[in-house]
Amino acid sequence: MPDQGLGSIFLNACLINNFVLAYFLGLCPFLGVSNRLETAVRMGGAVSFVMLVASVCSFGIERVLVAIDAPYLRLISFIVVIASTVQLVEMFIRKTSPALFRSLGIFLPLITTNCAILGLALFQTNKGYDFAQSIAYALGAGAGFTLALVLMAGLREKLELAPVPDPVRGTALALVLAGILSMAFMGFAGLGV
Amino acid sequence: MLKWFGAGSFRHGVHPPEAKDATRDLPIRRLPFAPLLVVPLSQHLGRPSIPVVREGQQVVRGEPIARPDGFLSVAMHAPASGVVKAIGLAPGIAGRMLPAIYLKPLPGSTQEVVEGTPCPLDATPEQIVHAIQEAGVVGLGGAGFPTHAKLRPPEGGFIDTLIVNGVECEPYLTTDHRVMLEQREDIFTGLRFLLAATGAARAIIGVEENKPDAAAHLREGLPEKLPVSIEVLPVKYPQGAEKMLIEALLGRRVPPGGLPASVHALCVNVATTAEIGRLLPHGRGIQERVVTITGPAVRHKGNYHVPIGTPLHFLLETVGVEDDLSRVFLGGPMMGSAAPCLDVPITKGTSGVVAFTERESLTTQVVEHPCIRCGYCLDACPMFLDPSQLGLLAANERHQEMADRHHLMSCFECGACAYVCPSHIPLVQRFRVAKAALRKAKAS
Amino acid sequence: MSTPAPLPTADPSAWSMARALVGVGLVCGLLIVFVYEATRPTIERARAEALRRAVFEVLPGAASSQSFEPDENGRYIPAGANSSSEEIVHAGYDTDGRLVGLALDAAGMGYQDVIRLLYGYATEAEAIIGVQVLESRETPGLGDRVESDPGFQANFERLDVSLAADGQTILHPIEVVKPGEKQHPWQIDGLTGATITSNAIGSILRVSTLARLPAIHARLGDFEPKDSEPGDSEPGDSGKEVAP
Amino acid sequence: MVGPTRILEIRTSPHLLSGHRVETIMFNVVLALLPTTAWAIWCFGLKALLVLVTALASCLLTERAACAFSDRPSSLGDGSVAITGLLYGLTLPPGLPLWMVAVGGVIGVAMGKALFGGLGANPFNPALVARAFLQAAFPVAMTSWLPPFGPDRFGSLPASTLAPPFSRAVVDGWSGATPLAASKFGGELSALADLATGAVAGSLGETSGLLILLGGAWLVARHMMNWRIPVGIFTVVAGASALLHFVAPESHAPPGFMLFSGGLMLGAVFMATDMVGSPVTGAGCLLYGALIGALVVVIRAWGGMPEGVMYAILLANAVSPHIDRWIRPRVFGQVAAEGDG
Amino acid sequence: MNADEFWKGLWRENPIFVQVLGMCPALAVSNTARNALAMGLATLFVLVASNAVVALLRDFVPKQVRIATFILIIATFVTVVDYTIQAVSLELHRALGAFISLIVVNCLILGRAEAFASRNGIGRSILDGAGMGLGFTLALFCLGAVREILGSGSLFGVALFHAEFQPWVIMLLPSGGFFTLAAWLMLFSRWRAPDA
């Protein structure tokens, strides 16, 4: 792997190859909670946080798997470790900060089986990022996810007041918006070459 | 730029065509009594007055015919000498039937007015306030708020400036203009009463610069010891609104939901002031008011003393209207309401009658388009609201959100937003519906 | 594994929970290991085959190949099967066992994402004689033409990367010029409409050649077929394979 | 005569309307676009005319069909689609095959507008949605430029213009680079005078900055355009590019070049100012303009593409609901400390 | 009605067009019909196998660890599929990339395991899995076919048009995926409108 700069990795994960708009990862929360800006922001925060946790976890797991030469356990251990770590974090947050739990915590169980999280773990492993690069990647992916979610929520809140035809309302509308956003994000292509 | 912020004017607002030329120079004339006068018992905000006459009773012009029901209510006086024909329902301006006293003037009824107990200039504030209530004085600018009710400063507060509203920013109307030219002494007398009642140290008469003659006339006759100044303001709508006028003259902004008293000011319409000055020294009550009758459909446009309760059809017949009369507004075209039918009587709040023919109708044949978010309404709204967003929310019946997040209740329905709206969205109507829905929801 | 639980599910003991998890986990683990072992030879063969094909592609004339990696002294030694060193070099030999050239990995940021290349370096001519894109997410129909466009591929028939006299650097680092303006053997004719991608490829090659060629060139001897005959080792057990 | 029971037309106040009408606004925008359009046709000849006519026709027909499909009265009368069609046509390269022009027109109006509910509901500028779609769908055709003032430009057509539907465009003859591409990839700067008058290769409407400014000035004078948006864009683009040019003159073009090259003028004056997709408050518009300007500079300076105006505006369109949310007029009399609900 | 367990997934409760589940893989690998089909079949296999095993184990696994066990089972089958595809065709594996592994988090599979297989017998669960899996495959194929036909002018790699056909590159890009799915959803909601 080339030694990509951390900034370049961040930009790449955030804008150019936005997890939602270019990789279609995390579509369920993207379509599900982008109706309200407030929930969108909180969901974005929660996902970013879990991404960071998952990134650290999977970096460690991958080191272990390489050491014991068991690549075939990668998927299963990623998912198990990420899920249980998030569970622990959730319990910890519930104990220490009820306010934070109310704003982020309720999303945590939903996120553990989210493709964006596992996707992040798998991609960073495939790309062979080192620790710092993995963190930058996770931060970028989280920021990108939040950005897409927030933009989407703004658009959907605006369109709630518009006379959208019935067959379009709902998921189809969200997809069209996502498609246009995805086209707009193409403008970022090539940043940081 | 300084002028925008300091005394001079308020921000935002619109410039509708003034259309005052037809009547501004015509002296006030008197209109004859209609064959049957209809005096609604609720010509003001607050509780309706309680009749003190019976059916068949004879009354003399100026005699009280109803007494106030509580503090937020005023007395009524007979607009003509005649017989009480009935006490029943009559069509009101909003299309609803309201209780009213039907008065049939005697054939030979004169303009003579009966006098009551005069209120001296050196009376206590409480006495003045009471006298004003007994005189049946309400805001003659159109809002119809009982004037006496706002004269008392709030608990622990004080009023330092009395503002007399001679702005008359509504297009077409020249009532206040004529009053300022013809009833100068009454205005100053009224001012003395008001200053005494409120304890204000000074008074300012605000006049828009399209009435230079009125301002000059007032200045010339200004009594030496009266702490009154006359300020000329640039022409802008809705400068006549209390909050706008206070900002324009004093640079103070009344907080949302607050009263002028919260910035130590009080606004009284110039015609109301004149009426107080005219009535109180004689212990009289309001029996007539000055009304501008104008509009393309009116043949003899002018400013008239019209007895309260004169039905619209009589009034229009007297001044003559075109055959294809299609719309009649009571009050000005910006904030006045359209008369649902010609049975509606002139009330204390009716400052003008503007009639349009089908041909000249200003808003017929408009197609409503969706909001294109041009933002014109934001630049027009004197209250700094977002009428565009409010309109969209109203169309989706999200009334609670309108109030909670977009300050719907600060809207005083001046109509500046709907006036500039290129999509011709009836914004004010939607806001009224939303407010009504909210009130209903709150009540239940 | 399908024994129904004797206890009522309403009140599971810790034991039954642990038993279920461990039981399922064990069976799953076994299944995975079994499938992994069963498919591994096929997969490795396929991978090796793909790599070899790529090496032959960028080193025309090569008939066999062997992978090398540098040891701690910078000496290139035959690489192990699972070596993941980034410094790996694939040497290609012709049918007579002579060194045709070296195939090197290179990667860099393209228009959309990282582009991974394999390029063939002819040791005698000191030129790049073939480039193969291993991985790219470039815009279909635009950026991915670098793989298919014959005009663009023609740049790599003989792209000069000869070393400077001191052997420490490249005499003329590779540069990308506008389409149709190639004048020197070290220039790459850009691809119309895919400027970024062709620039990226040029830059990936330039960076890689500048960084790696001087060191490799100094140790060319390491790649000469010494004692061991090329083409005699078993496929799959080392990086060295035979042509079919 | 006046009968007492005569029923009158009832309507709530205000009973006066200003002269503003949606139709008038739209008509004036079209009017403001005319000089640019005429100049485009003069520069590029018959092919430009055909592209513009096709763009306009496809947009109008799609709108008509969408109205019929959703049982709405025809909305062609409000003139907004005409603007979309004209603007969309002006963003296209002159030799684009007409079938692609038509595809884009259908997509732009159907997907960029009708799906969201028609006039006033489209969060993105439909003309730019159409162009972005074409850019992504037919990248080669969308970046093949023909030089202006070609010989016999009114008598002949390039083969690409009339490419049969669904067929590749054969780019014949000289395919020029736009000034931006030449600057970005070749390090060449075109003369400012050429840029301002439009004697350069590029999309139909991105040729003459002066005529676009003229149209913009007309609209600003008539209060039909929010001047803050272009001002915000120009300020940020000029400022940022001046800074970049000062720091690294060899890799960054000077501000004058940045302002007059590419679609910046057309985008800033006519696209970004689309009322539906832009914020409603004055401060919001300035911010929105600044955001577009910043994005343009970022994409032009560091992105993969020579031009970024289209993407910058689409992205800003997506941000504009948030701007409207954050920047709201402070209701009269509210004290600053109270904050904004 | 046993047959209904099968048919509902194809049409009435189609996972993608009706339930809008499992969209990540549906969009990410549907740029050619072949990839879409391969992904669909891989999902089908995992779905059927995990449904069967979950149904089998439904009385053995206590409620508290149910989800964890399901994930274990699903992850196992996904790993199996991953290696199998790699063995069959490295190229296909490269095209599908990480999205094979991401079948694990396809909400469709966990959803069926939780909502159906853990409450029903093995036969019905297999039918349900097969129906849902086929419905998913069908939907994926619908997407993939449209995207490949327009985006490359071919279907399963076979050119459909004349050589001069201009491909619509956007169809192969993410935005094209969003648009195509949106179009299918709109079509479906129109088709189903009379039922609703």
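Going in written order, the chains are labelled A, B, C, D and E, and every chain counts its residues from 1.
FYI, contacts are C-beta pairs under 8 Å (C-beta built on N, C-alpha and C of every residue); 3 or more make two chains touch, one makes a residue touch a chain.
Note that the structure is predicted; figures quoted are calculated from it, not measured.
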Ordered by label, the neighbours common to chain B and chain E are A, D
Could you run down the chains that neighbour chain A and chain E together?
-> C, D
Dominant interface by pair count is B-D
Specify the chain with the shortest distance from its C-alpha centroid to the centroid of every protein C-alpha atom present.
-> D
Most remote chain relative to chain C, going by C-alpha centroids?
-> B
Calculate how many whole Å lie between the centre of chain A and the centre of chain D, each centre taken as the average of the chain's C-alpha atoms.
-> 33
Centroid distance [mean C-alpha coordinates] between chain D and chain C, Å | 46
When centres are defined as mean Cα positions, the distance from chain A to chain B in whole Å is 60
Multi-partner residues in chain A (2 or more other chains touched) are 72, 76, 163, 168, 173, 176, 180, 183, 186, 189-190, 192-193
So which stretches of chain D touch two or more other chains?
-> 111, 117-118, 120-121, 133, 136, 139, 304-305
Junction residues of chain B - those touching two or more other chains = 370
Each pair of chains that touches is included here, namely A-B, A-C, A-D, A-E, B-D, C-D, C-E, D-E
Write out the stretch or stretches of chain A touching chain D in their complex.
-> 37, 150-151, 154-155, 157-159, 162-165, 168, 173, 176-177, 180-181, 183-193
Residue numbers on chain A that touch chain B, as the complex places them = 160-161, 163
Contacts from chain E onto chain D in the complex sit at residues 161-162, 164-166, 168-171, 173, 175-176, 179
In the complex, go through chain D and note every residue touching chain A.
-> 70, 111-112, 114-118, 120-121, 123-124, 129, 132-133, 135-136, 295, 298-299, 302-305, 308, 310-312, 314-315, 317-319, 321-322, 325
The residues of chain C that touch chain A in their complex are 28-29, 32-33, 35-36, 86, 107-114, 137, 139, 196, 199-200, 203, 207
